[in-house]
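The letters A, B, C and D name the chains in turn, as written, and every chain counts its residues from 1.
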């Protein structure tokens, strides 16, 4: 029996997440398969935010009073926790943003500044490399940077299986390449990118490397030192943390030579009416009063994930992936968009059903209490590549069970029956 | 009671299977392309006007059953109507769509389009139902039939 | 008796704010006089955030499922509530950001884009007008915009009283002026700016106008239509709302001709590998999964403020201001930095004590349970104008009482005694 | 027990009232300007070296009692020390400052500077106490006395 191999006690974990016990349409229990969009939050995270407001709310780094000291401790403690979680040597390498989207835009804007001391400065003839699997957040900022600077945009195509096609590696990343920004795991196909090969090539040509780690950090152990990357971006809300807080990790020596992005309070060393000089990271990139309650919640999220263990979460998702791959591929009329085996693959399942539009599939599943996402998943170019307008996507996380896979499969059969009986599909 | 059957009425699925006026005409007075950016569904719509200033609509598109059926119903409904009549129909339909299920729509005015009343209870689907309708309104604006 | 004229039942209001019942050093009850930095949160706000996570957490605008619909309703409901609160005609004119700092940077970046269709595009010879009273968040983004575009930066000086000196109005705002960005109320001196005169002049020369409303929207009724301004920026956390959520309101016709700022998911109308087209406001400016719980909390914050009444809050602060002005100015050795009367003035009191450094004052007050802020308050140029490195600042809000003024005054006397006895001051 | 008296020891206030080595010397081997950006406090520090490679420090500045007194104590403490001795003192003091009150510091090594041990319980003030010390370290780096 497959359930024997499950690494996690899902029933117990589910009880930690208040929302997962609610019912949805027709009083059905919820099967939440949309963690790729945003994850649910354990009580510990919800309580950490509320505890911050009840007991320690104050502007960090600003007051000379006790509560301001406490708030600062909590905020900087969260930074240290994140640094440890991703294996960073130095706490100052962790920047709080509002989202991975902001983190990636920060880089794209800062890379576009042409101070003589800059770590990087793009110009005509340079190239930026992305992939066809990118989420819009790791594509459009680079398109715009290319437009602003005259650099060209290149990309790795997707294979038929929704993996990165590295066959053109040496041509795509060449001496003109200044930035390589790649997804660590596709939010559409679940494919985990062969980052070591890409990063090696990028290092050889002296390009700066950026990983979109939105779908990796929440799901498997991620160590920035082992990866050997320059920057990674991810979001708190996808890793059982609060909304409105994102992360950017980067190598300290690069941050020192990167222009600030948002300008305002707490990021300066001096200010006159006509000019300002700027602090070093992390302050340099954290203008204004930050999302302090968000940091408190995120800190609790890391504690929660570590209490379960990232290795166990990964193994659990692997077992789910193996089971789901077998069960889904047994459904006739279902086409899986993404790798057909569990090698280097997360628990993300995008599929189409013959003759039934994804939106209609999603609606029919919703009617059975199954929450999935439909559409282009902010990866429109990939949809075009596959010649489709969208998919139905089910994404799994630590609180999902094999039974959730069964419910999904049942739901799909029911969807096919429903529309089939009406002559569709 | 909200359920799948009330949303996907036979009439809607019939139009989805056998859409009316699908296939773009040759000499439109206005031609528009609309996309629902959250799902990628698309509609191309051509507007025609005959000698008596009566409308004709042809269209093409890809999308869910709701968006496709709704555009089909629309194209049939406005055929031979004046632009002010068509505008009245569009507005009545929009009102039904934003009513969260409280307005079922006047069958005299809306014909088959009343079958979409259930959609208004599913906020995420209202844009699907309106896709073709907003395209028509846009085309009428372009043709300066309304302002 | 002054307390008769108090518009609010402070004892009752204080009970709504859990943090205000905590004790600080030496088990002393807290006197929180740092709302200018960040306000405390009523239970209703804390609960609204936690309720969002417990029952409705899902990515907005994205899912085809019930919880996603609920989350979207809550998020868009918050937008509508804010629009109504500031008298905006159109909900789509309200943009959620992470902070006022982001809102102002968004404008400064977007104004720097030179699309032919832009609402504004700065160039050499143009000027941007700010004031000497600005918070860094409404100064440095404009300095940087000036640098990027070649425009010059001009400013209204401060009077001796810490008010805007408009004597040079016609020269400072002239035909070269493309942007006028001014604080609505100074976070240092409490002076409320004579915006109608400035806006009138700006309109006459065709400049775009921006108000930094961080210290006004939380404290008195603010109506964007009556003001006749183009954009206003403010932060949720200063108006009893959550951290990590800010606001930008702007006129719709201007938003339509403004380049997007952050690029990513949910802000596009089409995307290919090489280019993207963008949605209209508000989506245009809200890339990525937003701070949904923050919006839920902010909505509850507006409900809370409206249940008390912005007019009553204003009157209450006026009474506090009058009392505090009398009491503080009676202290010998105290110099008030800011208007000496309550005309067009908020309950913000910056002061210096002869011979005692603000940091030492703050520390001594903290020892008595009184939380104030010390330093330059992110208005460094204003400090330089007054020839000081910083002030001690006490800021009052709806939950502060006349007794809090008394405690502050007592604390100041005690501070003078403490250092005086040791030969300082 | 944390209280105001334990933070503002007599010795600190004495140095604040009567700072030592305040007033910049003429021919320094290194000159630095440090600012505490959160409060605006400033210190200018000049480093001198005599024929026997012994240090001398003069300074000027504006700031709170903690930052001013701490710089005064420092300037007295390192006078006539070698750069490696000075570095040892700076490191020992930094350790006390980051100890949250758990290390009181060796009076042999730190002299009057042990009076600042209480500051380490007030995180917002640690930067005040370290302002001059970090400036000295920076000056020594500039003069290539350390690396």
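Basically, contacts are C-beta pairs under 8 Å (C-beta built on N, C-alpha and C of every residue); 3 or more make two chains touch, one makes a residue touch a chain.
Since this is a predicted model, take the numbers as computed values, not measurements.
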Requested in this report: Count the C-beta pairs in contact for C-D and for A-D, then report the pair with the higher count.
Outcome: C-D
**Report entry** Chain at maximum distance from chain C, centres defined as averaged CA atoms
**Finding:** B
Query raised in the report: How many Å are there between the centre of chain C and the centre of chain D, using C-alpha atoms for each centre?
Result: 37
Query raised in the report: How many angstrom lie between the CA centroids of chain B and chain D, rounded to a whole number?
Result: 76
Query raised in the report: Which whole number of Å gives the spacing of the CA centres of chain A and chain D?
Result: 45
Query raised in the report: Where the CA atoms of chain A average out and where those of chain C average out, how many Å apart are those spots?
Result: 31
Report task. Can you tell me which residues of chain D touch two or more of the remaining chains? Result -> 38, 122, 125
Query - Touching two or more other chains - residues of chain C - result: 25, 62-64, 68, 266, 268, 270, 359, 363, 374-375, 380
**Report entry** chain D residues within the chain C interface of the complex
**Finding:** 2-4, 7-8, 10, 13, 16-17, 38-42, 62-66, 122, 125, 128
Query raised in the report: Of all residues in chain B, which touch chain C in the complex?
Result: 35, 37-38, 122-125
Requested in this report: Using the touch rule from the top, collect the residues of chain C that touch chain B in their complex.
Outcome: 61-64, 68-69, 72-73, 266, 268-270, 279
Requested in this report: In the complex, go through chain C and note every residue touching chain D.
Outcome: 25-26, 357-360, 363-364, 367, 374-376, 380, 383, 389-390, 418-419, 422-424
Report summary line: Note: in the complex, chain C contacts chain A through residues 18-19, 22, 24-25, 30, 32, 34, 37-38, 40-41, 45-46, 49-50, 53-59, 62-68, 98-102, 104-105, 108-109, 132, 135-137, 139-141, 143-144, 153, 155, 235, 237, 242-245, 261-266, 268, 270-276, 287-294, 359, 362-363, 365-366, 370-375, 378, 380-381, 384
